[in-house]
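First chain A sits with chain B, and in the next complex the same chain sits with chain C.
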Partner chain A sequence: MNQPASLPLVASLLDAPLPASGLGWLDAARRENRAAFAAGGLPDTRVEAWKYTALRGLAQRSFGSGDAAAQTRAVDASTLALPGVAGVRLVFVNGAFRADLSSLDELPAGLSLQPLSQALLGDAEPLRFALSRHYRDVGDAFAQINAASASDGVVLRVAAHTKIELPVQLVFVGAEAELAWHARNVIELGAGAELCLVEQHASSGQPTQLATLVSDIDVREGAQLHHVVLQDAGIGANLFRRNSLRLHARAQATLHVLELGGALVRHDLRAELIGDDAQLHTRGVFMPHGRQHIDTQLAIRHQALNTTSTSHWRGVANDRARGVFRGAIVVAPGADGSDANLSNKNLLLSPSAEIDTKPELEIYADEVQAAHGATVGQLDERSLFYLRSRGIPLAEARALLTAAFCRAVLDDLPNKALREHLSGLLIAQLPA
Partner chain B sequence: MNEIMNKQSSSAATLRDNADVAEALGRTYSAGFITKIEMTGLPPGLDESTVRAISAIKHEPEWMTEWRLDAYRHWLTMPKPDWAKLNIDPIDYQAISYYAAPKVAPKSLDEVDPALLETYEKLGIPLHERAALAGVAVDAVFDSVSVGTTFRKQLAEAGVLFCSMSEAIREYPDIVRKYLGSVVPTGDNFFAALNSAVFSDGSFVFIPKGVRCPMELSTYFRINAQNTGQFERTLIVAEEGAHVSYLEGCTAPKRDENQLHAAVVELVALEKAQIKYSTVQNWYPGDENGVGGIYNFVTKRGDCRGDDSKISWTQVETGSAITWKYPSVVLRGDRSVGEFYSVALTHHFQQADTGTKMIHLGKYTKSKIVSKGISAGRSSNSYRGLVKMEKGAEGARNYTQCDSLLIGKKCGAHTFPYMEVKNPTAIVEHEATTSKISDDQMFYCRARGIPEEDAVSMIVDGFCKQVFRELPMEFAVEAKKLLEVSLEGAVG
Partner chain C sequence: MQERTLCAMHFPANPIAHEVRSYRSCRVETMLKIENLHARVEGKEILKGLSLEVNAGEVHAIMGPNGAGKSTLGNVLSGREGYEVTAGTVTYNGIDLLTLAPEARAAAGVFLAFQYPVEIPGVNNTYFLRAALNAQRKVRGEKELDSMQFLKLVREKLKVMQISDELLHRAVNEGFSGGEKKRNEIFQMAVLEPQLAILDETDSGLDIDALKQVAQGVNTLRSPQRAFLMITHYQRLLDYVVPDFVHVLADGRIVESGDKSLALKLEEHGYAGIGASHPAGAVA
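What follows is the complex of A and B.
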């Protein structure tokens, strides 16, 4: 194996100076993580979690880190608006907070929200737990470099027993320049709190970039989180997202994910159901086309009594694109009463496209209901026949059924205006 | 009524109680005995001279010796695989003796040492009777040399070649040379390479064009002799339109040291040929503390080389401390069919990582996978499978079903299916479930006066029915009994 640092990508990322925080513990964590990245480098396809996502091509590129001109990059504010989402908004351009594009003026009571760069200037102690983490696993390369280099992101807290009525929108924009940026989010919902979070990834222009985003989300006792992710980054974006979600007793989280854009996109969701009666529901669709590569990795751990998880994911791969899905469910010893269900259905639309899917179950308790299913195939011939027999041309019948196939994951999204907008985006992405 | 309900709930509570389940599972291993026959063998250790010695003992031709040495040299360069969900103490390959054989080489069954025959009797395979009654030809492998082969004549009349591998290398070198290693190359994986270097014996079956094998062929393997790894090599070739059903069954005597076992089985099906390969594996699983037991690392692969061919694997795995086994089918011919039916039962400290690979290359190829895992005690039972649809697999179809049943709180049941699809007309479907025997099912049976133990046995039997149906009749009976014995006293 090559020395990790001999790869242009690794060398270029290590080249960037570490952001100075003035906090001893944070500087130490950054150094540690950078050292780990320097030693381990990028995972190759022999690492199980990266079996279907080769980084060889990307490893040959190099990116300058951070954007000195982030504050002045032109971003069309109208592209940031989403139907059904009005109110608080935080915008990051190339990883840096942009006050001019954000609206933070009218924060509802109980919601504390600020960019990480500002939060670190104040009392940073509450962030210590999340930010002093050392990533050591083989395959953690992007989390390591993120932990070393991210200096901005979102710090969001909802006070206990507070319901935030309007959705909070977080926008990450990759703009113009060819560079690497990193962002770090720390999100906590207090006991009994409720929040709808809309996370949006977009590009201004079509820059070739490398971006990493690591989010820690804690959902405390009885709290409820609705998290909607619209990933519609530009065609040059290499985006690595990692979400660590912790659900305490009776907490509920619902996640809806649309993976539409990007060149090489990887989404790691690591959810831990650590409190009794916690519930997690994930829904998602990935639609790679052209030469896109979209990889979704779910790791759901049931660690407490009577926890529930349901996951319904759809994939549609066209052209020369590749869709990768792994859905691992672990039921830890003693997690009796766990109920876990996962399904991943995929459509392959082109002879050069590929789908690799791997649902996994690891069960260490016996009072358990666990099931998973995965399919790869085509549209149902009978449904096509039904539509055609009613006078709908073949192409249109296909389009209708494919749209219905993808839309199914949005069915239980409560925000109607947003749901309609997202289904419109899905349909627009389908081949005509 | 109250009393019954009380009894019901108390026994249900017992079922959930780890300690009791663990104790209840403490079945004895009925095949555990050691035959006292004088053995000759090579001293422990492995180097090129060991490989040459094995080849020389078996009077092998030069090409075979070279073939083994190539495999050995390749093996030296290979890392030991660590991806399986298995906890294995490091194996000292130099501490193993690679060849053991009964001292007096028998020429026919009549000359076989009575002590050996007695061993078979204890195992319930009276060679003559069983063969005659059941119409089964038995090629029994006692450690490393074929003891006797029955029904050879009848098979010869049909044109079927059925003999030990060492004999085949001498008698039919052309066929062996053509097919040996063509499905599992010598460097395929760590254990296959080791096997290729030191394999001692095994079965060879050749069914010529258009022949339907007149009887089911069977081999009983039996590991004997302390510290002797057994490395069998089986090759089955079915020419155009030929049919064969092959049965493999195993038991091994009780011992404290772990015995290494690395077998390779190669199946070749030419056009319109069909091969059915059934296994019941009941080797010593180790005692209730996880001491002893067989390490079983098997590479089994079938190659549907011709159009319209079919290969079907059926396995019932109840034995071995460690099972590492993935019977696979390469579906090369158009419209070829691959099947895998498996029941794997683990308890105490047994570990099984088993499953299959279906590699679809040809058009309109079909595969079906049915896997049933049962874990009890502190065991770990994993299904690991791959379904791959290559670009040319036009209209190919796969259906996979994996179910796991958990008995007790300290065991694990895992499922790792891989699906790789590169053809838009192919269809892959996978379903898996994991659960325990439900209280409702138990209550239903108990309410109808069925004792708890019988109820568990019934439910497990029902759980495995889909696989047992695929077994030849004699094996189905044996398999059912095996599960019953294994689960004896599992409840109550």
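What follows is the complex of A and C.
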């Protein structure tokens, strides 16, 4: 797009003053990312990774930045509770940390957890690598504006060889006001550490917002991360999330994602398997309905020997909704003996719904096992008739089959209470 | 006529409507009445004037060569999409069956045991069966069963059908052997207790032990209130489930009817020649 600043969205985001940190390197990184955003603007659909997600409509909106009232917005903490998840919780409202809604009192030994706004007041040097990153590509526009503007988020570290028993819950709430907010998360699991992270996106009221989240997650040698994402943002939310995951030798990460909410939702997962025998397992369900648009982009790079990735995603689109899935897997030179498996199956529940899916596999190594597949279809007529012939009404039969289709990829989520909760939410999202 | 008089006495001052109703409720009514049924699949006429009457308590075997329309008959009766009825009527307990959705037919007591039961991954067998039974009960105005009541019922039926309860914990038909799928059909029938059970080639693909088990299940469910329509290609099943009537279906219509000896005749002479004396005796 020429003259990026002529677009209301770009102009409004550039209008926000840069947060001042007092840290030279950080302020410089913010300026540079902001300059890159000002020059490049928003990606259009000619950029491959944005081919099916047009930002034309969003580009015409403008959002004020920062919420002066973020500390006083009424949010009912009880609505944030999740079955199977109790213990440490960090809550952000419109991108700002809310101590009153969080519970950080009893941090288990070996877990260090604080909001970025506080972490920057102390020794910020450990954050320097992550936060001084420059995003140069126009496809990274939302990461650029996030790097320029985010002043809060999560800083989490698990000490080496420490197993954190209870899940840690991170909640991002979009509340009331029509504005843009940003959150930057830096997460590290030390060697041999274990953590279950539950990331939740929720809303209070149904404000029209623009939100960006960028997370850097480093999983060190032999560490195990289990990451569950429940995205149930408000129907007015334009939510751009980018997770950059680095897996060192023998590290294992499992990701379960349920995408339910939002108006325009984009999830970028960039995973690099940089250590030998690292394993990544991603599972996800996206269920746009109404006029929702939910886009999932996986970019997985196998860069070391005998690395494994499995990705099983399901999409269900109803009404006039649109789902987008791109799974790009690269097995880099030298990543011999790697195993990559990707599947994306999709269901269209309405003739006006659309799902675009694109699995891509690039292999530059030897002795690699790789498989990918994608399908888009309707519910199996034979199965529907079978259920109906036993007395189950058509609508119920459809819901039963659709829920089964989705649950297939959430079945290996070990937290039973949470798994059943997610299953209930996805059933509730189905047409009655 | 005597029945009619007796019944009318319950309504001493009845208008004609009452008299008609009491008359109908007293005489032994035909459960299923198929008249001159014509049906098409993908534009091709398969049933070409089929007529058949089935009463409660009766077991009818429909036999015929491949392509005669046997499975089409089962599918039309259970309401499968893609089957177009172009002429004729099907009356079930006095109602026009063809206007009902498949689920409504099920609730009214019609059950189809599939020739090829569908595998449904992710849907638990027990959950499915309880949803089905409760959906039917709801339509009939009966109280739905809670999970304890349902489990009790299921355990009874498992015992009667001699089926292991391991089957309950699996997804519907997923990974079942051919014999297990057919037994699961009969088990579902036992739980749902239909009035009219249509068995579509339930014997196909079964070894002799599985066939005996399935037959025993069917025999257990025989009752004066229930009728069976057994669609089969071979006489074999009829050794174990002895029918009251045997019909030969050829080229879309019943060309010959008789008792069980007809099946034996077919076994001996094949379908060629059957119905040859009949004007509609074209054999496929």
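The rule is simple: the second predicted complex is superposed on the first by the 431 of 432 C-alpha atoms of A that agree within 3 Å, B and C clash if a C-alpha of one lies under 4 Å from a C-alpha of the other, contacts with A are read in each partner's own complex, and residues count from 1 in each chain.
What we mean here is this: a contact is a pair of C-beta atoms (placed from the backbone, for glycine too) under 8 Å apart; a residue touches a chain by one contact, two chains touch by 3 or more.
Quantities reported herein were computed from a predicted structural model and do not represent experimental measurements.
Undergrad: Could you classify chain B and chain C on chain A, in the superposed arrangement, as clash or fit?
TA: With chain A as the common anchor, chain B and chain C both fit in the superposed model.
Undergrad: Contacts for A:A408 in the overlay, against chain B (first) and chain C (second): which applies, first, second, both or neither?
TA: In the superposition, A:A408 contacts chain C only.
Undergrad: Between chain B and chain C, point out the one touching more chain A residues.
TA: Residues of chain A touched, chain B against chain C: more for B.
Undergrad: For A:L361, select first, second, both or neither according to whether it touches chain B, chain C, the two together, or no partner.
TA: A:L361 contacts chain B only, not chain C.
Undergrad: Examine A:Q378 and indicate which partner it touches, taking first as chain B and second as chain C; both and neither are also allowed.
TA: Only chain B is touched by A:Q378; chain C is not.
Undergrad: Now for A:L387: first (chain B), second (chain C), both, or neither, which partner does it touch?
TA: second
Undergrad: Look at the superposition and give the distance in whole angstrom between the closest pair of CA atoms, one from chain B and one from chain C.
TA: When the complexes share the chain A frame, the smallest chain B-chain C C-alpha distance is 13 Å.
Undergrad: Which residues of chain C touch chain A once you look at their complex with the stated criterion?
TA: Contact set of chain C toward chain A: 78-81, 101-103, 105-107, 111-112, 114, 117-118, 120-123, 128-129, 131-133, 135-136, 139, 171-172, 188, 192.
Undergrad: Okay, in this complex, where on chain B does chain A touch?
TA: Listed in rising order, the residues are 16, 83, 389, 391, 404, 406-436.
Undergrad: Sort out for me which residues of chain A touch chain C in the complex.
TA: The contact residues of chain A facing chain C are 380-383, 385-394, 396-397, 400-401, 403-405, 407-408.
Undergrad: Residues of chain A touching chain B in their complex?
TA: 48, 52, 333-334, 346, 348-351, 353-378
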